[in-house]
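Next come two complexes built around chain A: one with chain B, the other with chain C.
This part shows the complex of A and B:
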(Lines of atoms letter the chains of each structure in order from A and count residues from 1; the text may use other names and numbers.)
(Lines give C-alpha, C1' and ligand atoms only; values in the text may rest on other atoms or scores of the structure.)
Protein backbone atom coordinates (compact mmCIF):
# COMPACT_ATOMS: atom_id res chain seq x y z
CA UNK A 1 0.00 0.00 0.00
CA UNK A 2 1.00 3.58 -0.55
CA UNK A 3 0.78 6.10 2.27
CA UNK A 4 0.69 9.89 2.26
CA UNK A 5 1.28 11.20 5.77
CA UNK A 6 0.70 14.79 6.86
CA UNK A 7 1.45 15.84 10.41
CA UNK A 8 0.49 18.90 12.39
CA UNK A 9 2.17 18.55 15.75
CA UNK A 10 3.53 20.86 18.38
CA UNK A 11 7.03 22.12 17.64
CA UNK A 12 8.30 20.24 20.70
CA UNK A 13 7.45 16.90 19.13
CA UNK A 14 8.18 17.59 15.44
CA UNK A 15 11.70 16.17 15.48
CA UNK A 16 10.58 12.96 17.13
CA UNK A 17 7.59 12.47 14.82
CA UNK A 18 9.68 13.24 11.74
CA UNK A 19 12.41 10.82 12.78
CA UNK A 20 9.87 8.05 13.28
CA UNK A 21 8.14 8.73 9.95
CA UNK A 22 11.44 8.75 8.09
CA UNK A 23 12.06 5.19 9.17
CA UNK A 24 9.23 4.12 6.88
CA UNK A 25 8.49 6.92 4.42
CA UNK A 26 10.21 9.49 2.23
CA UNK A 27 10.13 13.14 3.09
CA UNK A 28 8.34 15.15 0.39
CA UNK A 29 7.74 18.58 1.82
CA UNK A 30 7.42 20.32 5.14
CA UNK A 31 5.05 18.10 7.20
CA UNK A 32 4.50 15.63 4.34
CA UNK A 33 5.94 12.18 3.79
CA UNK A 34 4.94 9.38 1.46
CA UNK A 35 5.90 5.93 0.30
CA UNK A 36 5.14 2.27 -0.12
CA UNK A 37 4.66 0.49 3.19
CA UNK A 38 3.53 -2.95 4.24
CA UNK A 39 0.32 -3.39 6.20
CA UNK A 40 2.37 -4.54 9.20
CA UNK A 41 4.70 -1.55 9.11
CA UNK A 42 1.77 0.79 8.63
CA UNK A 43 0.19 -0.48 11.82
CA UNK A 44 3.52 -0.21 13.60
CA UNK A 45 4.06 3.34 12.41
CA UNK A 46 0.59 4.39 13.56
CA UNK A 47 1.11 2.86 16.98
CA UNK A 48 4.53 4.47 17.35
CA UNK A 49 3.13 7.85 16.41
CA UNK A 50 0.26 7.47 18.84
CA UNK A 51 2.84 7.05 21.56
CA UNK A 52 4.80 10.15 20.56
CA UNK A 53 2.06 12.68 19.97
CA UNK A 54 -0.35 14.32 22.36
CA UNK A 55 -3.85 13.23 21.44
CA UNK A 56 -5.40 16.52 22.53
CA UNK A 57 -2.96 18.75 20.69
CA UNK A 58 -1.39 17.01 17.70
CA UNK A 59 -2.85 15.54 14.55
CA UNK A 60 -1.44 13.15 11.98
CA UNK A 61 -3.36 12.20 8.85
CA UNK A 62 -2.69 9.00 6.95
CA UNK A 63 -4.06 8.72 3.44
CA UNK A 64 -3.72 5.12 2.36
CA UNK A 65 -3.95 4.05 -1.27
CA UNK A 66 -4.30 0.35 -1.99
CA UNK A 67 -3.08 1.12 -5.49
CA UNK A 68 -1.44 4.17 -7.08
CA UNK A 69 -2.90 3.24 -10.47
CA UNK A 70 -5.52 5.96 -10.22
CA UNK A 71 -3.49 8.66 -8.55
CA UNK A 72 -0.81 11.14 -9.44
CA UNK A 73 1.12 13.93 -7.83
CA UNK A 74 1.77 17.37 -9.20
CA UNK A 75 3.87 20.07 -7.63
CA UNK A 76 3.41 23.77 -8.26
CA UNK A 77 6.41 25.85 -7.31
CA UNK A 78 9.48 24.47 -5.68
CA UNK A 79 10.09 20.73 -5.64
CA UNK A 80 11.61 20.41 -2.18
CA UNK A 81 12.17 16.70 -2.13
CA UNK A 82 14.96 15.23 -4.18
CA UNK A 83 13.53 11.75 -4.39
CA UNK A 84 11.86 10.63 -7.57
CA UNK A 85 8.14 10.73 -7.99
CA UNK A 86 6.87 7.31 -7.01
CA UNK A 87 3.24 7.95 -7.77
CA UNK B 1 -11.67 13.59 -9.28
CA UNK B 2 -10.57 13.88 -5.68
CA UNK B 3 -7.73 16.19 -4.69
CA UNK B 4 -5.53 16.30 -1.60
CA UNK B 5 -3.64 19.58 -1.50
CA UNK B 6 -0.72 20.32 0.80
CA UNK B 7 0.94 23.71 0.75
CA UNK B 8 4.21 24.95 2.16
CA UNK B 9 4.34 28.65 1.42
CA UNK B 10 5.89 31.69 3.00
CA UNK B 11 3.85 33.13 5.87
CA UNK B 12 3.24 36.27 3.80
CA UNK B 13 1.26 34.34 1.23
CA UNK B 14 -0.49 31.75 3.42
CA UNK B 15 -3.74 33.71 3.81
CA UNK B 16 -4.04 34.29 0.08
CA UNK B 17 -3.27 30.67 -0.83
CA UNK B 18 -5.66 29.36 1.81
CA UNK B 19 -8.45 31.65 0.65
CA UNK B 20 -8.04 30.48 -2.93
CA UNK B 21 -7.93 26.80 -1.96
CA UNK B 22 -11.03 27.14 0.18
CA UNK B 23 -13.01 28.21 -2.87
CA UNK B 24 -12.68 24.67 -4.19
CA UNK B 25 -11.67 22.36 -1.35
CA UNK B 26 -12.38 21.65 2.32
CA UNK B 27 -9.88 22.48 4.98
CA UNK B 28 -8.70 19.35 6.79
CA UNK B 29 -5.71 20.34 8.86
CA UNK B 30 -3.01 22.97 8.97
CA UNK B 31 -1.72 23.20 5.36
CA UNK B 32 -4.01 20.44 4.08
CA UNK B 33 -7.21 20.64 2.08
CA UNK B 34 -9.13 18.04 0.13
CA UNK B 35 -12.25 17.46 -1.87
CA UNK B 36 -14.00 16.51 -5.07
CA UNK B 37 -13.19 18.88 -7.90
CA UNK B 38 -13.89 18.94 -11.62
CA UNK B 39 -11.03 18.71 -14.10
CA UNK B 40 -11.77 22.29 -15.20
CA UNK B 41 -11.72 23.68 -11.66
CA UNK B 42 -8.60 21.74 -10.86
CA UNK B 43 -6.79 23.42 -13.76
CA UNK B 44 -8.16 26.77 -12.68
CA UNK B 45 -7.05 26.27 -9.08
CA UNK B 46 -3.55 25.29 -10.17
CA UNK B 47 -3.26 28.32 -12.40
CA UNK B 48 -4.54 30.64 -9.68
CA UNK B 49 -2.08 29.24 -7.18
CA UNK B 50 0.78 29.59 -9.63
CA UNK B 51 -0.03 33.27 -9.79
CA UNK B 52 -0.09 33.70 -6.01
CA UNK B 53 2.98 31.78 -4.94
CA UNK B 54 6.65 32.45 -5.50
CA UNK B 55 8.04 29.66 -7.65
CA UNK B 56 11.46 29.84 -6.01
CA UNK B 57 10.23 29.82 -2.44
CA UNK B 58 6.83 28.17 -2.10
CA UNK B 59 5.60 24.68 -2.87
CA UNK B 60 2.11 23.24 -3.30
CA UNK B 61 1.52 19.55 -3.84
CA UNK B 62 -1.61 18.21 -5.49
CA UNK B 63 -2.38 14.53 -5.10
CA UNK B 64 -5.14 13.67 -7.55
CA UNK B 65 -7.19 10.51 -7.23
CA UNK B 66 -9.35 9.54 -10.18
CA UNK B 67 -11.32 7.39 -7.78
CA UNK B 68 -11.44 7.15 -4.00
CA UNK B 69 -12.48 3.50 -4.20
CA UNK B 70 -9.01 2.32 -3.23
CA UNK B 71 -8.15 4.96 -0.68
CA UNK B 72 -8.99 5.88 2.85
CA UNK B 73 -8.05 8.42 5.47
CA UNK B 74 -7.15 7.82 9.07
CA UNK B 75 -6.39 10.42 11.67
CA UNK B 76 -4.26 9.82 14.75
CA UNK B 77 -4.73 12.40 17.45
CA UNK B 78 -6.91 15.42 17.11
CA UNK B 79 -9.43 15.63 14.29
CA UNK B 80 -9.14 19.32 13.49
CA UNK B 81 -11.59 19.51 10.64
CA UNK B 82 -15.28 19.31 11.37
CA UNK B 83 -16.34 18.11 7.95
CA UNK B 84 -17.21 14.48 7.47
CA UNK B 85 -14.75 12.05 6.04
CA UNK B 86 -15.38 12.01 2.30
CA UNK B 87 -12.82 9.37 1.46
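This part shows the complex of A and C:
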Protein backbone atom coordinates (compact mmCIF):
# COMPACT_ATOMS: atom_id res chain seq x y z
CA UNK A 1 0.00 0.00 0.00
CA UNK A 2 1.05 3.56 -0.64
CA UNK A 3 0.99 6.16 2.10
CA UNK A 4 1.19 9.92 2.19
CA UNK A 5 1.88 11.17 5.66
CA UNK A 6 1.57 14.78 6.76
CA UNK A 7 2.18 16.01 10.24
CA UNK A 8 1.66 19.18 12.18
CA UNK A 9 3.10 18.78 15.64
CA UNK A 10 4.52 20.97 18.35
CA UNK A 11 8.01 22.14 17.48
CA UNK A 12 9.41 20.15 20.40
CA UNK A 13 8.39 16.90 18.75
CA UNK A 14 8.98 17.66 15.07
CA UNK A 15 12.44 16.05 15.02
CA UNK A 16 11.20 12.95 16.82
CA UNK A 17 8.33 12.42 14.42
CA UNK A 18 10.53 13.06 11.39
CA UNK A 19 13.18 10.59 12.53
CA UNK A 20 10.63 7.88 13.09
CA UNK A 21 8.97 8.45 9.74
CA UNK A 22 12.26 8.37 7.86
CA UNK A 23 12.70 4.74 8.85
CA UNK A 24 9.67 3.82 6.82
CA UNK A 25 8.96 6.50 4.24
CA UNK A 26 10.68 8.87 1.87
CA UNK A 27 10.88 12.50 2.82
CA UNK A 28 9.17 14.70 0.21
CA UNK A 29 9.14 18.17 1.73
CA UNK A 30 8.75 19.73 5.16
CA UNK A 31 6.20 17.71 7.15
CA UNK A 32 5.37 15.44 4.23
CA UNK A 33 6.55 11.91 3.59
CA UNK A 34 5.37 9.21 1.24
CA UNK A 35 6.16 5.71 0.17
CA UNK A 36 5.27 2.09 -0.29
CA UNK A 37 4.63 0.37 3.04
CA UNK A 38 3.42 -3.02 4.15
CA UNK A 39 0.28 -3.49 6.19
CA UNK A 40 2.30 -4.55 9.22
CA UNK A 41 4.77 -1.71 8.98
CA UNK A 42 1.92 0.75 8.62
CA UNK A 43 0.49 -0.37 11.92
CA UNK A 44 3.91 -0.30 13.51
CA UNK A 45 4.55 3.23 12.31
CA UNK A 46 1.15 4.39 13.48
CA UNK A 47 1.71 2.95 16.94
CA UNK A 48 5.17 4.47 17.21
CA UNK A 49 3.86 7.87 16.24
CA UNK A 50 1.03 7.63 18.74
CA UNK A 51 3.66 7.11 21.40
CA UNK A 52 5.57 10.22 20.40
CA UNK A 53 2.82 12.77 19.88
CA UNK A 54 0.45 14.39 22.35
CA UNK A 55 -3.14 13.64 21.53
CA UNK A 56 -4.38 17.08 22.53
CA UNK A 57 -1.83 19.13 20.63
CA UNK A 58 -0.48 17.34 17.59
CA UNK A 59 -1.96 16.03 14.39
CA UNK A 60 -0.66 13.44 11.96
CA UNK A 61 -2.64 12.43 8.90
CA UNK A 62 -2.16 9.26 6.86
CA UNK A 63 -3.56 9.11 3.36
CA UNK A 64 -3.47 5.54 2.18
CA UNK A 65 -3.89 4.29 -1.37
CA UNK A 66 -4.28 0.64 -2.14
CA UNK A 67 -2.51 1.12 -5.44
CA UNK A 68 -1.05 4.15 -7.15
CA UNK A 69 -2.60 3.07 -10.44
CA UNK A 70 -5.16 5.85 -10.61
CA UNK A 71 -3.14 8.53 -8.89
CA UNK A 72 -0.75 10.93 -10.48
CA UNK A 73 1.88 13.15 -9.00
CA UNK A 74 2.80 16.53 -10.34
CA UNK A 75 5.37 18.87 -8.96
CA UNK A 76 5.21 22.60 -9.50
CA UNK A 77 8.37 24.44 -8.63
CA UNK A 78 11.25 22.83 -6.86
CA UNK A 79 11.64 19.11 -6.38
CA UNK A 80 13.01 18.97 -2.87
CA UNK A 81 14.10 15.34 -2.85
CA UNK A 82 14.07 12.40 -5.16
CA UNK A 83 13.16 8.92 -4.07
CA UNK A 84 14.98 7.05 -6.78
CA UNK A 85 16.46 3.74 -5.73
CA UNK A 86 19.45 4.19 -8.02
CA UNK A 87 21.93 6.54 -6.42
CA UNK B 1 7.88 -5.42 -1.63
CA UNK B 2 11.09 -4.16 -0.12
CA UNK B 3 13.25 -2.23 -2.53
CA UNK B 4 16.74 -2.76 -3.81
CA UNK B 5 19.08 0.19 -3.52
CA UNK B 6 21.70 0.52 -6.23
CA UNK B 7 24.61 2.81 -5.45
CA UNK B 8 26.78 4.08 -8.29
CA UNK B 9 28.05 7.31 -6.81
CA UNK B 10 30.98 7.54 -4.44
CA UNK B 11 30.15 8.40 -0.87
CA UNK B 12 29.57 7.23 2.65
CA UNK B 13 26.85 5.01 4.05
CA UNK B 14 25.87 5.59 7.65
CA UNK B 15 23.49 4.52 10.28
CA UNK B 16 21.73 7.68 11.30
CA UNK B 17 18.55 8.14 13.33
CA UNK B 18 18.03 4.38 13.11
CA UNK B 19 17.78 4.45 9.39
CA UNK B 20 20.12 4.40 6.39
CA UNK B 21 21.85 7.56 5.32
CA UNK B 22 23.88 8.04 2.17
CA UNK B 23 26.11 11.06 1.89
CA UNK B 24 27.98 12.21 -1.19
CA UNK B 25 29.75 15.41 -2.04
CA UNK B 26 26.77 16.58 -4.01
CA UNK B 27 23.99 15.55 -1.69
CA UNK B 28 22.62 13.56 1.19
CA UNK B 29 19.73 11.16 1.30
CA UNK B 30 17.90 9.22 3.94
CA UNK B 31 16.82 5.76 2.83
CA UNK B 32 13.99 4.11 4.75
CA UNK B 33 15.41 0.90 6.31
CA UNK B 34 12.10 -0.78 6.65
CA UNK B 35 11.58 -0.52 2.92
CA UNK B 36 15.04 -1.82 1.96
CA UNK B 37 15.69 -5.44 1.10
CA UNK B 38 19.18 -5.34 -0.35
CA UNK B 39 21.88 -2.91 -1.34
CA UNK B 40 24.03 -3.27 -4.44
CA UNK B 41 27.20 -1.24 -4.40
CA UNK B 42 28.97 -0.29 -7.62
CA UNK B 43 30.67 2.91 -6.53
CA UNK B 44 33.38 3.62 -3.99
CA UNK B 45 31.40 3.53 -0.79
CA UNK B 46 32.63 3.77 2.76
CA UNK B 47 30.95 2.44 5.85
CA UNK B 48 31.84 1.19 9.29
CA UNK B 49 31.11 -1.76 11.53
CA UNK B 50 28.24 0.03 13.19
CA UNK B 51 26.60 0.22 9.80
CA UNK B 52 27.14 -3.49 9.11
CA UNK B 53 25.71 -4.32 12.52
CA UNK B 54 22.65 -2.35 11.61
CA UNK B 55 22.29 -4.19 8.30
CA UNK B 56 22.55 -7.52 10.14
CA UNK B 57 19.90 -6.47 12.55
CA UNK B 58 17.58 -5.48 9.74
CA UNK B 59 18.51 -8.54 7.64
CA UNK B 60 19.64 -6.47 4.70
CA UNK B 61 22.11 -8.06 2.30
CA UNK B 62 24.86 -5.96 0.74
CA UNK B 63 26.41 -7.04 -2.55
CA UNK B 64 29.46 -5.35 -3.96
CA UNK B 65 30.77 -5.21 -7.47
CA UNK B 66 34.18 -4.23 -8.77
CA UNK B 67 34.98 -1.22 -10.88
CA UNK B 68 34.40 -3.41 -13.95
CA UNK B 69 31.00 -4.50 -12.73
CA UNK B 70 32.04 -8.03 -11.74
CA UNK B 71 30.44 -9.58 -8.72
CA UNK B 72 33.00 -9.34 -5.92
CA UNK B 73 31.20 -10.48 -2.84
CA UNK B 74 28.40 -10.14 -0.39
CA UNK B 75 28.06 -9.01 3.16
CA UNK B 76 25.91 -11.88 4.27
CA UNK B 77 24.32 -11.01 7.61
CA UNK B 78 24.02 -13.62 10.30
CA UNK B 79 21.64 -16.39 9.25
CA UNK B 80 18.28 -15.61 10.74
CA UNK B 81 16.46 -18.62 9.39
CA UNK B 82 18.57 -21.30 10.98
CA UNK B 83 17.30 -24.71 10.21
CA UNK B 84 19.51 -27.68 10.98
CA UNK B 85 16.79 -29.84 9.55
CA UNK B 86 16.95 -28.21 6.14
CA UNK B 87 20.76 -28.35 6.01
CA UNK B 88 20.66 -32.06 6.75
CA UNK B 89 18.11 -32.61 3.99
CA UNK B 90 20.24 -30.58 1.60
CA UNK B 91 23.37 -32.59 2.42
CA UNK B 92 21.49 -35.85 2.19
CA UNK B 93 20.42 -34.98 -1.34
CA UNK B 94 23.88 -33.81 -2.24
CA UNK B 95 25.76 -36.84 -0.94
CA UNK B 96 23.50 -39.41 -2.55
CA UNK B 97 24.61 -39.43 -6.19
CA UNK B 98 21.20 -40.50 -7.47
CA UNK B 99 19.24 -37.91 -5.55
CA UNK B 100 21.69 -35.21 -6.52
CA UNK B 101 21.26 -36.17 -10.17
CA UNK B 102 17.47 -35.95 -9.91
CA UNK B 103 17.68 -32.35 -8.78
CA UNK B 104 20.51 -31.39 -11.13
CA UNK B 105 18.53 -32.82 -14.05
CA UNK B 106 15.59 -30.60 -13.24
CA UNK B 107 17.83 -27.53 -13.18
CA UNK B 108 19.23 -28.40 -16.60
CA UNK B 109 15.75 -29.14 -17.89
CA UNK B 110 14.51 -25.80 -16.59
CA UNK B 111 17.39 -23.93 -18.17
CA UNK B 112 17.02 -25.82 -21.45
CA UNK B 113 13.26 -25.38 -21.72
CA UNK B 114 13.40 -21.71 -20.93
CA UNK B 115 16.07 -21.28 -23.57
CA UNK B 116 13.82 -23.11 -26.02
CA UNK B 117 10.99 -20.78 -25.07
CA UNK B 118 13.08 -17.70 -25.85
CA UNK B 119 14.11 -19.17 -29.19
CA UNK B 120 10.51 -20.12 -29.96
CA UNK B 121 9.33 -16.61 -29.25
CA UNK B 122 11.77 -15.05 -31.68
CA UNK B 123 11.15 -17.80 -34.21
CA UNK B 124 7.48 -16.92 -34.26
CA UNK B 125 8.50 -13.32 -34.77
CA UNK B 126 10.08 -14.21 -38.07
CA UNK B 127 13.69 -14.86 -37.06
CA UNK B 128 15.30 -17.84 -38.78
CA UNK B 129 15.78 -19.99 -35.70
CA UNK B 130 14.58 -23.37 -36.94
CA UNK B 131 18.04 -24.89 -36.76
CA UNK B 132 19.02 -23.92 -33.18
CA UNK B 133 15.50 -24.68 -31.99
CA UNK B 134 15.74 -28.21 -33.36
CA UNK B 135 19.15 -28.82 -31.78
CA UNK B 136 17.91 -27.50 -28.44
CA UNK B 137 14.88 -29.83 -28.58
CA UNK B 138 17.14 -32.77 -29.34
CA UNK B 139 19.52 -31.97 -26.52
CA UNK B 140 16.72 -31.45 -24.01
CA UNK B 141 15.38 -34.90 -24.90
CA UNK B 142 18.70 -36.49 -23.92
CA UNK B 143 18.76 -35.05 -20.37
CA UNK B 144 17.28 -38.19 -18.85
CA UNK B 145 19.81 -40.46 -20.55
CA UNK B 146 22.79 -39.10 -18.72
CA UNK B 147 23.71 -40.36 -15.32
CA UNK B 148 26.64 -38.29 -14.26
CA UNK B 149 26.84 -34.67 -13.26
CA UNK B 150 29.64 -33.96 -15.71
CA UNK B 151 27.59 -35.33 -18.59
CA UNK B 152 24.68 -33.15 -17.51
CA UNK B 153 26.89 -30.11 -17.35
CA UNK B 154 28.07 -30.94 -20.85
CA UNK B 155 24.49 -31.09 -22.15
CA UNK B 156 23.77 -27.77 -20.53
CA UNK B 157 26.91 -26.30 -22.03
CA UNK B 158 25.96 -27.60 -25.46
CA UNK B 159 22.47 -26.13 -25.29
CA UNK B 160 23.91 -22.79 -24.19
CA UNK B 161 26.48 -22.89 -26.95
CA UNK B 162 23.89 -23.28 -29.70
CA UNK B 163 21.69 -20.76 -27.97
CA UNK B 164 24.39 -18.10 -27.77
CA UNK B 165 25.14 -18.53 -31.44
CA UNK B 166 21.48 -17.90 -32.16
CA UNK B 167 21.92 -14.48 -30.52
CA UNK B 168 23.38 -13.14 -33.77
CA UNK B 169 20.18 -13.98 -35.61
CA UNK B 170 17.96 -12.55 -32.87
CA UNK B 171 19.84 -9.32 -32.34
CA UNK B 172 20.93 -8.80 -35.94
CA UNK B 173 23.18 -5.85 -35.18
CA UNK B 174 26.73 -5.79 -36.44
CA UNK B 175 27.94 -3.97 -33.30
CA UNK B 176 26.71 -6.81 -31.14
CA UNK B 177 27.92 -10.08 -32.57
CA UNK B 178 28.48 -13.04 -30.36
CA UNK B 179 31.63 -14.72 -31.80
CA UNK B 180 32.35 -16.88 -28.76
CA UNK B 181 31.64 -16.75 -25.06
CA UNK B 182 34.51 -14.98 -23.36
CA UNK B 183 34.71 -14.09 -19.71
CA UNK B 184 37.15 -12.59 -17.27
CA UNK B 185 37.48 -10.31 -19.11
CA UNK B 186 34.75 -10.37 -21.78
CA UNK B 187 36.19 -9.63 -25.19
CA UNK B 188 33.28 -8.08 -27.04
CA UNK B 189 30.25 -5.92 -26.32
CA UNK B 190 27.68 -8.68 -26.20
CA UNK B 191 29.79 -10.80 -23.86
CA UNK B 192 30.20 -7.82 -21.58
CA UNK B 193 26.45 -7.43 -21.33
CA UNK B 194 25.93 -11.13 -20.69
CA UNK B 195 28.56 -11.15 -17.94
CA UNK B 196 27.19 -8.07 -16.25
CA UNK B 197 23.65 -9.43 -16.34
CA UNK B 198 24.68 -12.82 -15.01
CA UNK B 199 26.59 -11.26 -12.11
CA UNK B 200 23.47 -9.37 -11.11
CA UNK B 201 21.35 -12.48 -11.45
CA UNK B 202 23.63 -14.48 -9.15
CA UNK B 203 23.42 -11.88 -6.43
CA UNK B 204 19.65 -11.55 -6.75
CA UNK B 205 19.23 -15.29 -6.37
CA UNK B 206 21.51 -15.21 -3.35
CA UNK B 207 19.35 -12.53 -1.75
CA UNK B 208 16.28 -14.66 -2.29
CA UNK B 209 17.98 -17.73 -0.82
CA UNK B 210 18.75 -15.70 2.29
CA UNK B 211 15.04 -15.32 2.86
CA UNK B 212 14.49 -19.09 2.92
CA UNK B 213 15.87 -21.87 5.09
CA UNK B 214 18.14 -23.12 2.34
CA UNK B 215 21.90 -22.93 2.61
CA UNK B 216 23.43 -21.29 -0.48
CA UNK B 217 26.70 -23.19 -0.04
CA UNK B 218 25.16 -26.49 -1.15
CA UNK B 219 24.32 -26.53 -4.84
CA UNK B 220 23.41 -29.57 -6.89
CA UNK B 221 24.40 -28.97 -10.46
CA UNK B 222 27.39 -26.89 -9.52
CA UNK B 223 29.74 -28.81 -7.25
CA UNK B 224 29.97 -27.62 -3.70
CA UNK B 225 33.49 -26.43 -2.93
CA UNK B 226 35.44 -24.45 -0.42
CA UNK B 227 35.11 -21.10 -1.97
CA UNK B 228 31.78 -19.92 -3.07
CA UNK B 229 28.04 -20.08 -2.90
CA UNK B 230 26.68 -22.48 -5.48
CA UNK B 231 22.96 -22.92 -4.97
CA UNK B 232 22.35 -19.45 -6.36
CA UNK B 233 24.24 -20.45 -9.52
CA UNK B 234 21.92 -23.43 -9.95
CA UNK B 235 18.78 -21.36 -9.57
CA UNK B 236 20.12 -18.64 -11.84
CA UNK B 237 20.44 -21.10 -14.71
CA UNK B 238 16.68 -21.36 -14.87
CA UNK B 239 16.04 -17.63 -14.87
CA UNK B 240 18.94 -16.29 -16.92
CA UNK B 241 17.28 -16.90 -20.31
CA UNK B 242 13.92 -15.41 -19.40
CA UNK B 243 15.14 -12.45 -17.40
CA UNK B 244 18.67 -11.42 -18.35
CA UNK B 245 18.83 -12.49 -21.99
CA UNK B 246 15.46 -11.03 -22.85
CA UNK B 247 16.50 -7.83 -21.16
CA UNK B 248 19.66 -7.67 -23.26
CA UNK B 249 17.66 -8.17 -26.46
CA UNK B 250 15.32 -5.34 -25.60
CA UNK B 251 18.11 -3.00 -24.49
CA UNK B 252 19.93 -3.48 -27.76
CA UNK B 253 16.74 -3.55 -29.83
CA UNK B 254 15.54 -0.25 -28.41
CA UNK B 255 19.04 1.21 -28.78
CA UNK B 256 19.15 1.99 -25.08
CA UNK B 257 22.67 0.61 -25.07
CA UNK B 258 24.89 1.16 -28.09
CA UNK B 259 28.53 0.56 -28.83
CA UNK B 260 29.36 4.02 -27.45
CA UNK B 261 28.42 2.80 -24.00
CA UNK B 262 31.54 0.69 -23.60
CA UNK B 263 35.04 1.39 -22.42
CA UNK B 264 37.95 -0.49 -23.84
CA UNK B 265 40.38 -1.24 -21.04
CA UNK B 266 43.82 -2.70 -21.16
CA UNK B 267 42.43 -6.16 -21.62
CA UNK B 268 38.69 -6.55 -21.76
CA UNK B 269 35.73 -4.31 -22.31
CA UNK B 270 33.60 -2.79 -19.61
CA UNK B 271 30.34 -0.91 -19.46
CA UNK B 272 30.25 2.81 -18.81
CA UNK B 273 28.45 3.98 -15.73
CA UNK B 274 25.51 5.41 -17.64
CA UNK B 275 24.92 2.09 -19.37
CA UNK B 276 25.26 0.17 -16.09
CA UNK B 277 22.61 2.41 -14.57
CA UNK B 278 20.35 1.92 -17.54
CA UNK B 279 20.79 -1.87 -17.38
CA UNK B 280 20.15 -1.97 -13.65
CA UNK B 281 17.10 0.26 -13.91
CA UNK B 282 15.52 -1.89 -16.59
CA UNK B 283 16.34 -5.04 -14.65
CA UNK B 284 14.71 -3.59 -11.56
CA UNK B 285 11.59 -2.80 -13.58
CA UNK B 286 11.60 -6.27 -15.06
CA UNK B 287 11.83 -7.92 -11.65
CA UNK B 288 8.87 -5.87 -10.51
CA UNK B 289 6.64 -6.79 -13.43
CA UNK B 290 4.01 -9.29 -12.55
CA UNK B 291 2.75 -12.27 -14.45
CA UNK B 292 -0.20 -14.47 -13.81
CA UNK B 293 0.94 -17.67 -12.14
CA UNK B 294 -1.21 -20.54 -13.29
CA UNK B 295 -0.58 -22.88 -10.41
CA UNK B 296 -1.25 -20.54 -7.54
CA UNK B 297 -3.79 -18.51 -9.48
CA UNK B 298 -2.65 -14.99 -8.76
CA UNK B 299 -0.15 -12.59 -10.18
CA UNK B 300 3.42 -12.70 -8.95
CA UNK B 301 6.47 -10.64 -9.81
CA UNK B 302 9.52 -12.12 -11.49
CA UNK B 303 11.38 -11.68 -8.25
CA UNK B 304 8.79 -13.64 -6.33
CA UNK B 305 9.03 -16.33 -8.98
CA UNK B 306 12.62 -16.95 -7.91
CA UNK B 307 11.55 -17.33 -4.28
CA UNK B 308 8.76 -19.71 -5.26
CA UNK B 309 11.36 -21.81 -7.02
CA UNK B 310 13.26 -22.08 -3.75
CA UNK B 311 10.14 -23.05 -1.86
CA UNK B 312 9.54 -25.81 -4.39
CA UNK B 313 13.08 -27.02 -3.81
CA UNK B 314 12.49 -27.03 -0.05
CA UNK B 315 9.38 -29.12 -0.59
CA UNK B 316 11.36 -31.56 -2.68
CA UNK B 317 14.08 -31.85 -0.05
CA UNK B 318 11.50 -32.53 2.64
CA UNK B 319 9.94 -35.21 0.44
CA UNK B 320 6.62 -33.44 0.12
CA UNK B 321 6.48 -32.85 -3.60
CA UNK B 322 8.99 -33.62 -6.37
CA UNK B 323 10.66 -30.53 -7.75
CA UNK B 324 9.79 -29.35 -11.23
CA UNK B 325 11.44 -26.24 -12.61
CA UNK B 326 9.57 -23.16 -13.69
CA UNK B 327 9.06 -23.05 -17.44
CA UNK B 328 7.98 -19.83 -19.07
CA UNK B 329 5.04 -20.12 -21.41
CA UNK B 330 5.51 -16.94 -23.34
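Just so we're on the same page, the second predicted complex is superposed on the first by the 83 of 87 C-alpha atoms of A that agree within 3 Å, B and C clash if a C-alpha of one lies under 4 Å from a C-alpha of the other, contacts with A are read in each partner's own complex, and residues count from 1 in each chain.
The definition used in the following text is that contacts are C-beta pairs under 8 Å (C-beta built on N, C-alpha and C of every residue); 3 or more make two chains touch, one makes a residue touch a chain.
Remember, it's a predicted structure, so these values are computed and weren't measured experimentally.
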item	value
Chain B versus chain C as contact partner of A:41, first or second or both or neither	second
Chain A residues touched - chain C or chain B, whichever exceeds	B
Chain B versus chain C as contact partner of A:23, first or second or both or neither	second
Chain B/chain C common contact set on chain A	87
List of chain A residues in touch with chain C within their complex	19, 22-27, 35-37, 41, 81, 85-87
Contacting residues of chain C [partner chain A, same complex]	1, 3-9, 17-19, 22, 24, 29-30, 32-35, 277, 280-281, 284
Contacting residues of chain B [partner chain A, same complex]	4, 6, 8-9, 28-32, 46, 49-50, 53-67, 69-80, 87
